[in-house]
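Next up: the structures, one after another.
There are two complexes below, and they share chain A, which is joined by chain B in the first and by chain C in the second.
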Partner chain A sequence: MKTVAEILKEIRPEFDFAASKDFIADGMLDSFDVVTLVAMLDKNFGISIQGVDIVPENFKNYEMIEALLRKSGVKQ
Partner chain B sequence: MNFTFRRKRISGILTVVPANVRSFVEEMKNFNFPEARSLKLKEVMGFDKHRLVEPGVCISDLAVFGLEHLFSRGLLGPSDLDALILVTQSPDHFIPPTSNIIQGRLKLKSDMLCMDINQGCSGFIIGLVQAFLLLEQESIRKVAVVNADVLSRKTSPKDRNSYPLIGDAASITIVERDTEDSRIHANLKMDGTRNEILMIPAGGFRLPSTPETAVLNDVGDNNLRARDHLRMDGSAVFNFVQVEVPPLIEALLSQAGVPMNAVDYFFCHQPNRFMLQKLADKMRVPYAKMPSNVVENFGNSSGVTIPTVITFNMKERLLKEKLKVCLAGFGVGLTWCAMLLDLGFLDFNNIIEYQ
Partner chain C sequence: MQPVDTVNQVFTAIQQVKTNATAFCTNFFPVPQKLQSWIDHRELFCEDHSEAVFFFRKDRDFWRIFFCATNTGKLKQELMDLPDLKTKSMVMDLIEREAAPDSSLPIMESIGFRLYTRLHRLVRPGSPASQPLSSGSLQPVYAGNEDIQAVSDMLNVSFDHYAEQLPAIFEIAAAINNRQILMIKHARTLAGLLFFETQGVTSTIRYWVVPEKFRTLRYGSALMRAYFAAHAAIQRFNLWVIADNQPAILRYQHYGYASDKLVDHVLVNKMIRE
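Up next is the complex of A and B:
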């Protein structure tokens, strides 16, 4: 199973996500990257992130993504 | 808003798609994105092939081609039609109505009603509602609901958010009275306060097309688009669909007294595979009951995707049996609607190519 960091690296290898507090505002993830990220998280963790939760705020940084994973049923 | 119709039925569906097939892989070079990112998106969204008209082809060309196909095969008589409802966002002209142009080109009788309705992704269901209402009149026995759009002509080839998913198509759906005591339920909702989420800003009377409105601008995310082009706020549309559509369908089924698991198929508008699978997950509907394969094979042709998903996936089956189906459309307006009906034993249910 991949980590969130590994998945982000796969989608946008040119960015250092650890150095950012807001992936969206810093232009590291556009709306279609978010869609790709959701599809990869769903597959990797065996979940289905709810459509209503697919809003930019939930993908701003590692903390928000991990909170979303917990809400979607991933035990961490 | 709830509607209930008695003793009405769909008796045939024909979808007309352009023969011209374009592939996402070939078009990737037009977008300012690394190939690897575009290929990831292809996998998730279902972008693959889409059908686009050649320059100069208009919706009346597709509609006339389809109706002539039905006439020439004896599947429909020209004098049988008492009304022709055209649902489109891409008319041949502002004036006259394109439905009149179609009537004229086919030399249909003058004792009939032609009307254009400007609606998009919900347009197929809104056209059906209008047809069922007309069938309450003694003088109207058979109605053709023609749903057609050629929006590729208004979409920027350098806009990766819109162009890969767009498709052109037309459909002809024949609606008439049912000898059985059937019931059709529909539920429609509108929210014009969010009208700018899906819009072509220029080209109407509010902002006429000029050389300035045709200039491509960088609109973010490396996409280039003019004000003459279709603009789609993908995130807002996605959120709108996930929030509004499941409760609408639940309310429709409750109104009809039909449980979710009694519905054989959910034939939804086809924006992209990802959005539909999230919708299915939310509604706890198996993917097999909600087909999402139109964008990858034909592209998103607004309301026409509903007849396309039916004719593509159920071509033979709906000639031989009747199924309980829920149709759902959502988008431009904003408008969202659903319809529950028994569909089957059709006289025809086919896809043909416009040459």
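Up next is the complex of A and C:
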């Protein structure tokens, strides 16, 4: 199973996500990327992230993504 | 179709489809601020079915259709039952990887959509190897509110309204307010513009145009150089270009852009004649 960092690196290898506190505001993920990320997280963790949760706030940094994964049923 | 009144209504409708999804498919990448702007201008409508939800955005004399469906089979079925598809002019953007083996294009063509054109996404790294260019002696300026109509007119005559998502007047006004339109004037006439959107470390060129009669004056180059000079900290530049617009692609390649293999198939229904 891949980590969130590995998945983000696959989507946008050119960016240093560790240096950002807000991936969306910093322009590292756009709306296409978020949909790609949701599909990859769903597949990787065997979950289904809810449509109402596919909003920029939930993808702004590692903490928010991990919180979303927990909410979606991933045990960490 | 029903008008959409709130952003939450959009996400709730998507969720209902996603709950039943076996292979969720969509061409809708909603950004809440943009949705709110469409709702405020009464441009966004919705048709909610059990296995698919469709969103329609009014754009000039046609509609842009977006879908979310539980799988492509249900999408096809629900589209075939969609009455508005038979009576209204519709445009659909299908964004996929180039030559994707699971492309939805054949499904759309089987229910009457026709490929109108393709756009390719081009990207350019903002790496040290591609240092910002000097803006040179010609100095473009940012468009002001007095330029709104001239900018709109130039975009409308220079770009394809089905394929290139031309901005409404209110969107041009917002872009001017955000200093997102560089322009050059020649004897008080708008002689070229570069319209962009920047978000953090990524910047997207939406439109770059110099009318034919000004093309020997190097205004296009001046606009591009000014754009890069103003975006020295950007790490990723991108844009969408019509796939067979070879002159434009060559110019973008000259500035370091290259395809990232993402394609936008622009489809139209039978109400839009060839």
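Here are a few things to note about the model shown:
In this section, the second predicted complex is superposed on the first by the 76 of 76 C-alpha atoms of A that agree within 3 Å, B and C clash if a C-alpha of one lies under 4 Å from a C-alpha of the other, contacts with A are read in each partner's own complex, and residues count from 1 in each chain.
Operating definition for what follows: a residue touches a chain if its C-beta (ideal position, glycine included) is under 8 Å from a C-beta of that chain, and two chains touch if they have at least 3 such contacts.
Note that the coordinates shown come from a computational prediction; the quantities given were computed from them, not determined experimentally.
Applying the stated contact rule after C-alpha superposition, one finds that A:Gly51 touches each of chain B and chain C. In the superposed model, A:Ser72 makes contact with neither chain B nor chain C.
In the superposed model, A:Ala25 makes contact with chain C only, not with chain B. Shared-chain residue A:Val35: touches chain B and chain C both. With both structures placed on the common chain, the touch criterion links A:Ile11 to chain B but leaves chain C unconnected. Using the contact criterion defined above for the overlaid structures, shared-chain residue A:Asn61 touches neither chain B nor chain C, since it reaches no partner.
Taken together, the two structures place residues 12, 30-32, 34-35, 39, 48, 50-52, 54-56 of chain A in contact with chain B in one case and with chain C in the other.
Of all residues in chain C, only 8, 11-19, 21, 24, 26, 29-32, 68, 95, 125, 198-203, 235-236, 262 touch chain A in the complex they form. Only residues 37, 40-41, 43-45, 160-161, 220-221, 234-235, 238-239, 241-243, 274-275, 278-279, 281-282 of chain B touch chain A when the two sit together in their complex. Interface of chain A with chain C (complex): residues 12, 14-15, 22, 24-28, 30-32, 34-35, 39, 48, 50-52, 54-56. Note for the complex: chain A touches chain B at residues 11-12, 30-36, 38-39, 48, 50-52, 54-56.
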